[in-house]
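Pasting the structures here.
The two complexes that follow have chain A in common; it is paired with chain B in the first and with chain C in the second.
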Partner chain A sequence: MIGFDFEYYRPATSNEAVKLYESLQAQGKRPVYYAGGTEIVTFARLNQIETGAVIDINSIRECRVYQFNTSELVIGATVTLTHLAETSAFPLLSVTGGRVADHTARNQITIGGNICGEINYKEALLPFLLAESNVIIAGNNGYQDKPIMEAFNKRLQLEPGECLVQILTDRKYLNLPYFSVKKRKIDVIDYPLLTLTALKIDNTIRVAFSGLCGYPFRSREIETILNNHELSREERIEQTVLHLPAPVLDDWIGSAEYRLFVLKNTLEDMYLALEGESL
Partner chain B sequence: MESIGRSVIRKDAVAKVTGAAKYTADLKTVGSLYAKLVTSPYGHARILSIDTSAAEKVNGVHKILTGKDTNILTGEEIKDRPILATDRVRYHGEPVAVVIADTLAIAKQAANLVNVSYSPLPVIRSPKEAYQQGVPLVHEHLGDYEKIAEVFPKPGTNICNHTKIRKGSMEIGWAKSTVVVETEVSFPPSDHCAMETRSVSAEILPNGQVIIHSSSQVPFTIKKMLSSIFGLNQGKITVHTPLVGGAYGGKSAIQLEFIAYLASSAIGGQKVQLINSREEDFITSPVHLGLDAKVKLGCDAEGYLQAAEITLLFDGGAYSDKAVDMSRAAATDCTGPYQVENLWCDSFCMYTNHPYATSFRGFGHPESTFAVERAIERLAEKLGMDPIEFRWKNAIRPGQTTPTQVILNESRIGNVRRCIERVRELINWEEGRRIEITPERIRAKGVSCFWKNSNIDTNAGSGAILKFNEDGTVHLNCGVIEIGTGSRTVLAQIAAQKLGIDVDQIYVEMDIDTSSTPEHYKTVASRGLWMAGRAVLAAAEDAIGQLLNVAAQVFRVSLDDLDIGKGFVFLKDNPARKLALKELVYGYVYPNGNAIGSQVIGRGSYTLRGMTFLDPKTGKGVPGPDWTVGAQAVEVEWNKRDYTYKILRAVTVIDAGTIINPKLAQGQVKGAMHMGLSFASREGFIFGPNEVVETTQFRTYKVLRYGENPDYTVDFVVTPSRETAYGLRGIGEHALIGMPAALANSLSTAAEVHLNRLPLTPELIWRMKTGGVR
Partner chain C sequence: MTDQSHTRFSVALNVNGVKRKTEVRSADILLDVLRNNFGLTGAKPGCLNGDCGSCTVLVNGWPIKSCMMLAVAASNTNIVTVEGLKGSATQRAFIEKNAFQCGYCTPGFIMNIEGLSAIHPDADDSIIEEWLQSNICRCTSYEEIKAAVYKVLGKKPEAGR
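Right, the complex of A and B next:
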């Protein structure tokens, strides 16, 4: 039960959505874009968000696609995590996105919602960081195409009224060797204590993290350390811990010290999976 | 035609699997108003002001009540709890105001606009802290509260009950002990997590009749409490309880009923519905208590227990409710099912600034058992004796005495040793209790025993009515609530067996109406079948007497020439001469039209006998009619590298007496095991600053899901009770009791470290093993 009234709109084009946003905003209705609704509904129940209008983007054609163009996989923002999990075009994404929440929730949660929402884990983002995908954002001036590594910094950097429409991923990244592990406090279904994803490109490993700090990240500095073969694996892992971009989370899921313990183990597992036994 | 020992499908099955079953919140009627609570965001704070003006302006709001409208204290044993907080709040989630409105959405909207100004106060964060001298008092006027005689609060402290058990001589006990261990255990409060959140409605008719609907284990107590608190004649109050979607003790507390009654009363009697959100059900309504405990045990060189000194500090939370009673119950069975000649136990129920506690499946026993069984494990280890052998050796037997000095016989105690022997076989103890499968993976086993008596009112009882239809089918009417255990189906089996008819001929309505349903004390303490079974047997015997009386006249024979079975009353020496029940149940009509006899209504009732209050100085007394006992084992696979573990198997062997319905009995045992493992492995509230509960949703408060469960093995030892219907024993709670200890014992064995805290998360094991250094 939501204890406040709000208007509901379902535009057919992104242009219409952006225009609607602008006019609702001007009326003081603090509109929000609505995709799967899992956050909006559950947060609104507890008054953790309040809005006078939701703009449902599920009828916008380009938000619904999951297809290839000549060189890229194109995923619309309202494609559900269940759909991603059950489609094998980008296995790292299927595996990583397929562990968010539970199956019932994944039937609703969209890739756009997972990336743009308030909950800070955003695990389905990690594969796109590793593949250096591009995001298509609809705004007042039509579409913008931006590298996700630039557009995402702690959160997807959107101006008010802008809306994530699609994510484009170069085909060459889709079937590379990968590693993706989610560690939880104890349950099979929970938020991550740590989600670590890695992609091996030639002899270089790219790594992205969720659940470790207050936001998901991929750090070039850490990758330089993790790929520095002049150091032993153990030394690289120790160095990584010293170069995390933000304080380690310390909460009901796990203490900061325990998360670091889990991080070290998981990095060892990653090396083992992608590089085999240490020489 | 045998009904006993058959896995009859439960009478509520079809309604439940088709979704047709109705629960309290489903009973919506036109004209119902809706209530929404405003609750405390602090664990302890002074209420400076409450401004309801903005909320009152919302269109559709009828009334807003605050503490000043409800200046009444409530409580089962100590009247310490205001219906709505007045000058201060003592726990996070405590009701402060209630909004009554046309719709739930409006009520919710207005509740958000009630502006309460608080000034936070220092908090009591654990029972151990509550017990220290000089700490803030949760209740400064404890000495002024009204209370029953059998509870012993200590004004000027945070102690709301103190139970003393004194048996034998500690001096002799310690002198005989060659090996002594001391163990401390601790775990936070947690929750029942019933699927159905608590919900009620209240309506007051123009003639003053009060109608309550409540998802409750205690509708008859609701009637009595409303009567005593608000000065109403009991005849004016009717409480309805339909099917209840899980209770586990949590629905034996009365809380929302008072609020809904006041709400309805404040608006002229219109029906008001009040339904807990999940968050409210987690913390606003009462929870499962926490514990800090210390156990000192001594045994002689042969491994016989000689002395036990046990201090239990229960976290009863901000109000006493049933926690005081649970702290007493835990004391009465504090040793577990072991013979201990010399015993000293102090059980304290402490006030803290946590959500207040009420009954939880096992009623103080899973908690105290965790403490004692961890100590026993350690004692056996120190002595160098196999822990299962140690338990078998000390298992309590007929002729020995309990902590409250009850002398046992076979009917009262069953067979603990047989349960231990069978568990040993089923868990394959001989193969070894710690096996390294690989350098990283360790498989380990742990055991625990359990026992439990009921600790309910000394005059608790039950009643039943059997009402016949013309065609010979029967309606069974009794006050045991269908909380998910299937008890009402088993009671039908008992009636069918006695009446000699098929159980399909017996109909059981699932709704309770306290004005027409014979009273069953409370559907708690695994006493449903125990007491109502006797009442149903008595009702069946009463009905049989009436049937035989008519038949004797028809056949012109004496009563003892007749017998009943297969739907007929017949002559013992010539079964071919018989009358169908349908020819008798409304009286017999002769061919000429004359009638004899009349409608058969079987009535029966039962009250526990021989129960006594406990002696306040020694605890001597009879806390209940018998103990159900058993032994349990858990097998885990623990990963030495990352400290994670899997629960592979769990085994329970319980002396269940006669099994009336095997599938339902197994279901009860497995369900309790699952709940125990969930509680022990992952539950427990996490508190933030000012003791605010951070885990009030299933997103953050985790329970063991279906599919995450280990393999469950259940087996029964059968020592029939001599007091109950067909020799059954209560088994609703018991298989939860030993699970936390068995899990902790298995993991302690695996990780070779003493794990004395719950929940047993991988991080806890890592921390205990490494000191928390990464």
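Right, the complex of A and C next:
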């Protein structure tokens, strides 16, 4: 049982949602957007969030789309991870998003919730970082269209009241060779010890990580190292470890040392999958 | 859905094909409303944290953990609980295959399997496994539950499994 009361609203448009947020915020109600609700309900039960109002965004039409426009795949923020896993338009996303939580939870967890939530693994974000997708954000001044590589820095940089509406991905990235591995502590369902996703574009590999540091990331510096064919694979992997953007997580899922061991092995597997045997 | 104060609502939930009216707090989870307001105690509180699956019901045909959903958010959906599956093939398969011991997890498994058989009637072993990993049985009746799933789907176990 959730031990405190909050108001519930279900606007039909993103404009209405943003306006509602503004007015509820002005009344000191600290509103939150409600998508799949799994994190909000769980955190509210544990008193880990306090909110006076939730704004359910599931009736907003543009948040529900999953369709192609001329050059892009358009995914609405309230599309569930199960929907993404069951449609094969972007296989790397289907596979990576299809390993978040468990199947029944994925029937509820939305792509927007996975990206905007407090739980910092955000595994379904990684394919969008690799494909350099754009995000459509609704705010007080209407819609903004931003490259995800700029909009995501440790977390999606949203101003108070802004709502993620859609993610647009260029068709040319959807069916490229990819690698996606999730390593867990022991079980088949758990948060990641390490999730590593990679996309091969021409002869260049892009790589994004979750579970390794305190936030998911893609680093151009690391990609320059991983694609430097003047170094042996072993040297590239060793250099990668030295250039991680933040301390390696050291927690109940695994020690930092173990994570680095798994990282090195997984990078070798990635090379094998995308480049074959080392020459 | 009638809005009184935004923190309490008079909702009409469509449960097992019947529209049932009740008053809920916005903060009430679907599981509590099914059990406390409607007396439908089939869906069970387990972990209340999204981990065990004992609270699973169908919402618009999909298995959902009712401990992680607000009841107000379920208005305008079709909800099915284990009480709505009396005499179903899934219920009969559980009895025939003795797929329970204490029975606490059983409604959750039955709802998940009911959803699976409707959405993926031709599910292979990897789909079955992926779906059923959402439910935990403390009594470890997994082999019998698997036999019940095969029975519902009209399948023979795949070689090597």
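To be clear about the criterion, the second predicted complex is superposed on the first by the 279 of 279 C-alpha atoms of A that agree within 3 Å, B and C clash if a C-alpha of one lies under 4 Å from a C-alpha of the other, contacts with A are read in each partner's own complex, and residues count from 1 in each chain.
Operating definition for what follows: a contact is a pair of C-beta atoms (placed from the backbone, for glycine too) under 8 Å apart; a residue touches a chain by one contact, two chains touch by 3 or more.
It should be emphasised that the depicted structure is a prediction, and the values quoted were computed from it without experimental measurement.
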Chain B versus chain C, judged by how many residues of chain A each one touches: C
Touching partner for A:188 - first (chain B), second (chain C), both, neither: both
Chain B versus chain C as contact partner of A:53, first or second or both or neither: second
Partner chain(s) touched by A:252 [first = chain B, second = chain C, both, neither]: first
Partner chain in contact with A:2 - chain B first, chain C second, else both or neither: both
Partner chain(s) touched by A:34 [first = chain B, second = chain C, both, neither]: second
Which of chain B and chain C A:265 touches, first, second, both or neither: first
Partner chain in contact with A:82 - chain B first, chain C second, else both or neither: second
Partner chain in contact with A:103 - chain B first, chain C second, else both or neither: second
Set intersection of chain A contacts, chain C complex versus chain B complex: 1-2, 4, 45, 188-189
Complex interface listing, chain A residues touching chain C: 1-2, 4-10, 34, 37-38, 41-42, 44-45, 53-54, 56, 58, 82, 101-105, 107-108, 188-189
Complex contact set, residues of chain C against chain A: 5-7, 9, 25-29, 32, 48-50, 53, 56, 62-65, 67-70, 72-73, 112, 130-131, 133-135
Chain A contact footprint on chain B (complex, rising order): 104-105, 107-109, 111-112, 277, 279, 641-642, 644, 681-682, 686, 694-695, 699-700, 702, 705, 707-708, 759, 761-763, 766-767, 772-774
Partner chain B, residues of chain A touching it in the complex: 1-4, 45-47, 185-191, 252, 254-255, 257-258, 260-262, 264-265
